[in-house]
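So, here's a batch of structures to check.
Below are two complexes that have subunit A in common, paired first with subunit B and then with subunit C.
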Partner chain A sequence: MDKFKNKFIEEATDNIKDLEDSLLLIENDISNKDLIEKIFRSMHSLKGGGAMFGFSHLSDFTHNLENLYHLIREGKKTINRRILDVTLASIDHMKVLLTVDNVSDKSIKLRHGDLIQQVLDIIEGTNDIGIDSGNKENLNQQNSIKSYYIYFEPEQDVFKDGTNPLFLIDELHTIGTCKAFAHLNKVPEYHKYDVTNCYTYWEIIISTEEDVNSISDVFIFIEDQCKLEINEIADFDIFTSTIIIEQISALSQERNDVGVSNIQEIIKRNSIFDNNLEEIEKAIARSGPLPSVKENVISSIRVSSSKLDQLMNLVSELVTTQARLTLFAEKSGDSELLSISENIQKLSRQLRDNAFDIVLIPIETMLTRFQRLVRDLSKELNKNVIFVAEGADTELDKTIIESLTDPLLHILRNCIDHGIESPETRKKLNKPEQGTIILKAFYSGANVHIQIHDDGAGIDINKIKEKAVQKGLIQNDTILNKKEILDIVFLPGFSTVENVTGVSGRGVGMDVVKRKLAEIRGEVELDTEINVGTTLTIKLPLTLSIIDGLLVKIDNKRYVLPLSVVDKIFVTEHQNVVNKYNNLIILDGDQIPFYYLREEFDLPEGTQESEQVVVVAYEDRKVGLVVDEVEGEYQAVLKTLGKIYKKQEMISGATILGDGTVALVLDTNKIINKFSQVNLNIKNKEI
Partner chain B sequence: MKANKSKIHIAPSKNKEEKKVKITFENDLTIYSIEDFKAKFIEAYNKYDVINIKLKNVNNVDLTFIQLLYSLKEDSKKTNKSISFDFEFPEDLELLLNNSDLSKVFRKL
Partner chain C sequence: MANETLTNINSYLSFNLGEEEFATHVSKVLNILERTEITEVPRSPDYMKGVINLRGTVLPVIDTRIKFGMTPTEYTTNTCIVVMEVEMEGDTVHVGALVDSVQAVLELEDSQIQPPPSIGSKYKSEFIYGMAKNNEKFIMLLNMEKVFSSDEIVSIKEKTNEGENEIDKTITKE
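Now for the complex of A and B:
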């Protein structure tokens, strides 16, 4: 049973996520029937599954929400902000109920009761009939309900007497379940018409207990100023049949007038269907499955993430073993063995790429949380903020996605709390009252860049500098460029915010963000402009476990450089790289700064006549790294260095070579950063 | 007649080559101000190719205003002009427009 329970939890988590996504979408498209239907279905599944697998509180709780969305689906309620707020809060509660299906905890119990009451209040706020078809009273009521078609065309000068036809249609909604179809096809071209005239007319269907006279009473004050027809079209509530309403709605979109005869035809067609349902079902059973429906078509399967981790580990081991095999085959000189080894190498490379593809997941999986945060937090802080995501289909290793969520949430909190101004301030600054936060993800070589941009107040770099001097992080006369000043923001305990809020501003955060990102080999950069906004760019590797590398030798020890950053490789004379005053070398006609790694690693000077310069990309520039020898390409399976080397930034990991020896994987950016000494001296200073 | 509290604000793009304008309507968008709206709106409509209409702080809207927007939008389809729309109604007006099936006009815009 536990196995099924776990399966239900997985499915319910997906359902809850779908629900949350749909609710966030429907906020901007409140009458989108497909979304309403999707929300209803998700709730229905949660209720049914919950009851089946023993999540009784979840099931009961969702039942009320399902009732509410049934009313909305039937057009008896309209989605509004309150309904959305209560539903989103309910979703948060459902997540809790999914993990602890009991409400013994006092705070959970209170919340449970409160949310149920809120949902019931909304449901009871309706003037329409109930929805529980099993309720006898309602069934009796339904027996006396009839459905009518109304054609209502006000005369052109109806406005001149102060009549507003919209109020009349609104009043119809108070006497029954009603759906209006407005027709504007008679509105003339703008330069030809009298704007004070009415050119709109309506076809309306209403299901009500009231009779024709009561319906015509609604129009009593303009009966001489309009064309009005009321026809009974059914002796039952046609709104109980979603298919009838959908077909009428579809017809209204196809043509200017639906017409009473067409509506009657639709009702007739579907009533026949209802009456003969049993016979039709038998006929379907006789004819077998529909030819167009394929059975058992499974386009995707659910696999536990631990199994994927195991797969990745096995692929890593295979790559390491394959390197050993290649080396052995080369040494043996056996041509057949070499051929087999090459084939295995090819296959393991393909397997590696396929396995990578499996564990890459799109960034959009994180977006719902971000949208919720922006929605809820901006409301809490009385700000008006819209969240826009671009490149949501960009994929990253699932491990990276998992580690990325918290830093991004923190960054977004900062954007809303300190970046985006209040609507009043924005208005004064001639900015749109609604602030925008854009999350943009895109590929850049073997990396993924994620940018978070807000169009808020920006960061005052003078304030950062002042604060850094106050805290003793830098000297008053230290000369720093803009980037260096902005880097101070990522130091522990640094904050320019005067008021600490419940959301952010305690100075605990951006350093943690940077550290968390560094753990997944991510780098972070900040750019800002006062009153224009701030952009934070995170550069991430596509994957963490295996990289294509360049195997190099320095002082008889082997190192791996990520191939993705390597631009070119040159050979140069030894004397060109030693004892150089300015560490510049001319390669291919360009002057390139370089680092002689023997010297930087405090190793004795080499004795060979020539050196190899590996030119790597560093920010927007090219930098040369001088090594003794380049051995060639190598698939490096990255292993972490362990706690002792945690503070070692220049080495991103280690890999086992074919001969069983260990090679360190160098982080070229960190190496250049460190050796160029452009970094602030304060980097390791304690605060 | 009611006191006319309506406002229309026309803000052309600073980049004059863009032929872009933002027209903001405020407060009462009803028959009492529709003539004035129409004149100013059409003047801007004829002058610019990209028109962003913003409705804010709306406390009343009637069919005359909706018909005007509909008519111009229909015209824009024939003349390659672009009309975009940015609006927020209070809950009661939103319900009134939904009930009378006129919210679809804004969706189409």
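Now for the complex of A and C:
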């Protein structure tokens, strides 16, 4: 929930900024309808978001403002400076509201109420209040609240004229906040008591914008029949301070008369601490956002992605340069230089990790689109499908995420279109009517796996084979295992569904998905079971730009193998790897197929006596790659070979070594795949 | 703005491939490098010599002689890599071209440039957009976009693939 909240705050901050910009623009162009629309929209999304994520104060507050702009939008009001001032002040207040959970802080509370009142005032004013009078009224309102002490003792026969003193006190309540203390100590003993007489007198505290005259006007009809004293006791609203009121109440219960001097003393005593403080708070609240706002907003910033790319480039270059320095320091043997270079190595590694962390974004960012697609598409196709995402916080390089969205959308379309059956069919098959598509993302070593599983019809392997034969993709008598048959789906020009729908199956099929994923070094695998469902697994590298590699030498040229696929390294004799017919080698008691890379790269046969076999993981098997020499671990900053070499599949990129030469980074999966196909072809031809 | 100025000037960089002199417009030339160690890319077409490290970026290098149907470049002290900027499928890419030697920068007016000979040339004439006479010698003006264009690479690549298949067949025979 906190995650969502933070996301909302980020969004809201953007919204508020938009709002502010628009308001500043509209000041010069009051009748601009587009801007009003924009303001209204920003407010609306703030309100909606606020309500959704528990920022009820913000939501209520914005609701009020929205009402005002609704009137403006409808042309019932025109924007004037007062409205703008109040709105801008409100925006500042919104920023504060974003940072606090509830409006408990006194100054915020004050300001909150104040602003809401101002907005309501504007809405209620049927006619536009001119700029000047508006400001003046505003000014009066803020400054004129004063507090008075009233001593009111009617004469005993006041009832005889039909006057009820209580009505007068009620009337006082209408002109300001007011508290009355009734004193009954003049009530005589029972036998002297005359029910037609009034024995009660009152001490009243009132805080009001009105002046002394309007207070005494209340008592105008009984002026001659009562003892009336009106004293100003404070030039602010003493009801804002509960302490003062409490103390006065306590005093009034202790003794008969509180007396104006006592009250003044209480106020004086408290105002030093409380009211001055309050005044200051008030001033702070009015003068702008609290300093704490700024700190909170900057907890996350938006940076243009080009800047991030630049940062990544610089870090890559630093890593390359650092490799050079390390090499040089080792050569020179200078201990001081060595320690400096070691330090730089440590720092650049940390910097690299940090920079990588920055460009990683959670896959959550694309989920909304998927959710939407599933919802719309399943409706269109009259299917009942629910989309569930697991591991949405799994992070990937942003460039990977960007290129991942389209293939995933295509896969999801396939799931809904071909995978999930119609509710009726599902019912017949004893499946829940609602189909489920699960997107599961998780880390696996240096890779991220994304699995898309649907509980639909599954794919008929025999159908695939039939079709493949029909299309001439495979021979009729070719014997393939399940996995190999499923791989046919990824071949260009293959699609199992006969009827082309508007959704998917227009020829661009899984081969495009596979190609797109290959561009980001991703691999895709399919598993299916009839009537149980289909699972598609995508393996992706965490990042595209730097990999941990194993530096090897072949024919005096250096290559880098991704360390993530390397399992073991063996040493073997030269004659074990050359001129072997079956390309199998026994290591650790296991038969492992191997490729002599010199031969595969069309290089002359080596003359050395011992060869090194790097055993790498290939799909679920182990394959040996024979190289001349293993040099060690290396942090390879991946650089593309450029467009000219885009057809070169075996090489995933190049990296610059410490001595300035270029080493090629081998894509072991592609290499093995390619070589095994060549061998397969040869064998087929032999048959 | 800078580019406009560049295309408006009539300077051409001339270089030798074997005995013949070629030239290309200077607006395409970024750099002239001495030959450095070239990292070969396995299983790539012959004319794609490999890659070099150009100040931290990886630059593909093309053996222009092979591209033009000559014998492969033999390295001498004069061998240079001319770094050029060419358009490929809408993208600007940097490519290094191996040449036997770099000659000079020539000023050629448009009037001095003649159309290329249509027949009888031993070079792939689609790469040449004009001839110019300089010191009683003909210089062939190259269209670098054409030289490095993707179609050309594909056509040559196809040839190489055929070659591979032949190799495969020979292996099969064994």
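Keep this in mind: the second predicted complex is superposed on the first by the 379 of 687 C-alpha atoms of A that agree within 3 Å, B and C clash if a C-alpha of one lies under 4 Å from a C-alpha of the other, contacts with A are read in each partner's own complex, and residues count from 1 in each chain.
Basically, a residue touches a chain if its C-beta (ideal position, glycine included) is under 8 Å from a C-beta of that chain, and two chains touch if they have at least 3 such contacts.
Only a predicted model underlies this, so the values are computations on that prediction, with no experimental measurement involved.
In the superposition on chain A, A:660 contacts subunit C only, with no contact to subunit B. By the touch criterion defined above, A:641 reaches subunit C but does not reach subunit B.
When the two complexes are overlaid on their common chain A, residue A:190 makes contact with subunit B while staying clear of subunit C. Of the two partner chains placed by the overlay, neither subunit B nor subunit C lies in contact with A:570. Residue overlap on subunit A between its contacts with subunit B in one complex and with subunit C in the other: absent. On subunit C, the positions that touch subunit A within their shared complex are 37, 39-44, 48, 51-53, 56-60, 62, 88-89, 91, 93-95, 148, 150, 153, 157, 168, 171-172.
The touching residues of subunit A, counted against subunit C in their complex, run 317, 320, 557, 600-603, 639-645, 647-648, 650-651, 653-654, 656, 660-664, 678, 681-682, 685-686.
Listed in rising order, the residues of subunit A touching subunit B in the complex are 29-31, 78, 80-81, 159, 164-167, 169-170, 173, 178-182, 184, 187-191, 193, 195-196, 198-200, 202. By the touch criterion given at the top, residues 31, 34-35, 38, 42, 45, 62-64, 66-68, 70-72, 74-75, 91, 94-105, 107 of subunit B touch subunit A in their complex.
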